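Both complexes below contain chain A, partnered by chain B and then by chain C.
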Partner chain A sequence: MTEKDAPSPGSPRALPLDPTTRFRVPSRRVAADVVDDEVVIVDLASGSYFTTEGAGCDVWRLLASGASVDETVAVLRTRYVDTGAVESYVHTLTAVVVERGLLEPAHDDTDGAPVDLGPAAGVLAPVGEPRPFAAADLVDFDDMKGLLLIDPVHEVDDRGWPHAGPGL
Partner chain B sequence: MNGPTISVVIPTKNRSAYVAEAIASVLAQTHPVDEVIVVDDGSTDDTPAVLAGFGDAIRIVRQEWSGDGAARNRGVTVSSGTLIAFLDDDDLWEPHKTEVQLAAFGRAPQPDAVFGHAIQFASPELGPGRVPVPLDADEPIPGHFAGTLLVRRSTFDAIGPIAEIGGGGDFFDWYARLIDSPFRVTTVPEVVLRRRLHLSNLGRQNDPAQRYARVLRRVVDRRRGRVPTGTDL
Partner chain C sequence: MLVPGSEDREPTAVHDLMLAGAIRAGTRFGGPLDRRYRFGPQTVRLRFAGPEVADALGPALDHVRIADGPTDGPTDVTIDCWDSVSSGEPVSPLVALLLDRIDHDWLAWLTPRHEVRGFDNDRVATAFEPWSGILSTYDRTTARGAWWTQDATAVPSHERAAPLRSLLGWALGELGLQSVHAAAVGRTDGGVLLAGPGGSGKSSTALRGLADGLGHLADDYCLISTVGPPTAHSLYAVAKLDGPADLERLPEFGASVTNPERTGSEKLVIDVGRDFPDRVVTSFPIRAVVVPQVRAGAPTALAPMSSAAALRALGPTTMLQLPGAGSTAFRHMGDLVRAVPCFTLYLGPDAAAVTPLLESLLRP
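And now, the complex of A and B:
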């Protein structure tokens, strides 16, 4: 099994990211399965899959629901005791996830209306008292590429794979 | 018994246009196989007539629709070879597949399961441009799927039956169990399989990414020693 760690979200190198940008999952090729506090994310275009848990899973669920980085930081601070690491963690993990192609900016999809991230929205399970914060890595795996890549993804376009050829 | 014997299991359902070619490619092996078991998984088209045309060259097992995983397991159960191979009813083996893979079994360190490379091709009756073919379709891809596999029966039995979850993740789950096991797996560099791209195997994309995410969860759970969540096996 090949297992590579993505850049640690605890690393000091912060990648530039507009904290008000909202994102969406490119759902034709990326999907996630969340159970309890762990998420498995697969990208059929690269054949890689990823896992993260705890705070990492929270970040994924929030971003995938349309939260911006700022909003994600705010929600995490209601769930975890922030001793100063939460904001840089969210920024770095978001940048990694976007770099991996698992989320893309949703420029035109929203009209600027705020996304409901409150308890009633059900994005995250409710918690009681804030828990100690622990940065969770995004771990990526490529041991299933051979199987994942043979399932052709056909997005309709004429630029070539994974887009349909002319005439379709 | 002298030397290994090869059983080939071909599950099929309503692919009468392709299954004859698939079977013919197995019967045309440079190193002949010992038995071809076609599991008709509840076809409602003219598949039975097409299969009957092969006479004694194949053994037909008919069952109510149960899915790929169940059909493959049924074929393995009724087979007798010391080595087991599979072929999807819409794909084709290259003529030298069994010859090349048997040679791999004979080379040290002897493997327990051998895969091979595959090439994808647009099914010709569809005409140009009808099927989105990968840009690099001429390039062989490592074929870690059922159609390239040749595996010792003892290894198959040890790994256990293929999952009968449905939705296309069955062999994927079995493959993950194989590579996480102590058994030795190798992949020959030769192209042994031609994988047909056509409208119905592209059109079954009812959220393939979500399907795979669920199967990968089972893989992750198992590796961590957790009982896989989801469907019972």
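And now, the complex of A and C:
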């Protein structure tokens, strides 16, 4: 996992974000789970999967729970010592995950309504003293994409992929 | 006009037609071959329309076959399987039209995981395997499934080695048994799951264990339960090797290859249930998740792995191969790696070191 103090220069260009917008996980396309302090996210449409840890995992959990960007920034400032990088980091990471299609704006009754984030966001384990902030990238993996294009066992024949079975 | 999404008003239409076709096909044989199989605590009834279909799908499941005939025993799931060539029963015109549309414009009709757009919904799961020409449908409300292909004698080796994978994944997933892409070896009192993508060394590690006396639960796909102590359950009693080079490293299995005529075009399939029946294990508590990694020139060794890294090795490859698998499936895998220790198994040139390392993990 690569960590650095600024958003990755290789990340997609940050899109303008309304900091009050809430998001949700597009459940038919994306599956995610948090293990320890790391989230693993699978894009079932593209075959890519992603991971981020630490502050990045916190951002994912908050956004996926319905927090807005502003609310996410506010919660992170209770968990990390903010020397001025938190807001920019949250905006950039949010733009990246939205641009990748891992989160989508929530256009329903909860859109715009405050979310009860509870102490330290509720979805996050409580911390004692705020920790030093370290930006964590969203790391992507492409090594499984072939599963969506070639069979894991049977190789493509000379007709190319896909080709329906005999008699169709 | 049949276009993707137009049939949402009739979510069970294709499934109903598939079941009706299966029943007619079975009638042409004087009734289907009716068999029951046990996967962990669940019983699945498979009804094969004719011997060709039974021969294509049955052998890999024989180790969990518990009864034949239309008994009155409890059944959690029923799946009807048929083909058109051996039964003489064609698919209905609507299904034929759908297959024709898929054949001509697969991008419009199939998702990347082969779900059939518009016919795959919250009630009915529908998938088409374009390489094999296999259509599968499952109604979650009635726990009824249907499997069809044009010619059962043409079912390729990899489907015979892992038959009904989508259907069993859907049906047993509804009952709390999650299908995962992993090998599994050990003993009835404990074993390990071998996770990782194709080519990572799962199969050769599992076969090395089998050759050295370990029990064999799975080569590529198995079921896990994470309610209570994590447990693995067998799906198929077969193993696969990439080709002759693997067989040179594991010569014990040369006589057990069931498809030697396909060397070079398909993986080599080994019938573990037929040739090593006393080594087949159908269930065991999972003691660890192990991720093999080939490391030429370095010693064979175990090293602790983070739970998240293990989830990366187990989760995506499973999710991307199993139509319909979603957040619940992924959470089952997360629950597993949270509950048991996880290791990297570095595979060096010392193959004899593999099994003792695995055995060191089997004790509670």
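In this section, the second predicted complex is superposed on the first by the 127 of 168 C-alpha atoms of A that agree within 3 Å, B and C clash if a C-alpha of one lies under 4 Å from a C-alpha of the other, contacts with A are read in each partner's own complex, and residues count from 1 in each chain.
Criterion: contacts are C-beta pairs under 8 Å (C-beta built on N, C-alpha and C of every residue); 3 or more make two chains touch, one makes a residue touch a chain.
Given the structure is predicted, the values throughout are model-derived calculations rather than measurements.
Peer 1: Determine, under the contact definition given at the top, whether A:L147 touches first (chain B), second (chain C), both, or neither.
Peer 2: Touch partners of A:L147: chain B and chain C.
Peer 1: Go through chain A and flag every residue that touches chain B in one model and chain C in the other.
Peer 2: 27-28, 31-33, 35, 38, 40, 42, 44, 49, 51, 143-144, 147-148, 151-154, 161-168
Peer 1: Would you pull the chain B residues touching chain A in the complex into a rising list?
Peer 2: Residue list for chain B touching chain A: 118, 120, 128-136, 141-145, 168, 171-172, 175-176, 179-180, 195, 197, 202, 205, 207-214, 216-217, 219-220, 223, 229.
Peer 1: Quick check on the complex: what are the chain A residues that touch chain C?
Peer 2: Against chain C, chain A makes touches at 25, 27-28, 31-36, 38, 40, 42, 44-47, 49, 51, 53, 141, 143-144, 147-148, 151-156, 161-168.
Peer 1: Would you mind writing out the residues of chain A in touch with chain B in their complex?
Peer 2: Residues in contact with chain B: 1, 27-33, 35, 38, 40-44, 49, 51, 143-154, 160-168.
Peer 1: Quick check on the complex: what are the chain C residues that touch chain A?
Peer 2: Where chain C meets chain A, its residues are 84-85, 99-100, 102-103, 106, 110-113, 128-134, 149-151, 154, 156, 158, 161-162, 197-198, 240, 265-267, 306-308, 311-312, 315-317, 319-321, 325-327, 329-331, 333-334, 337-338.
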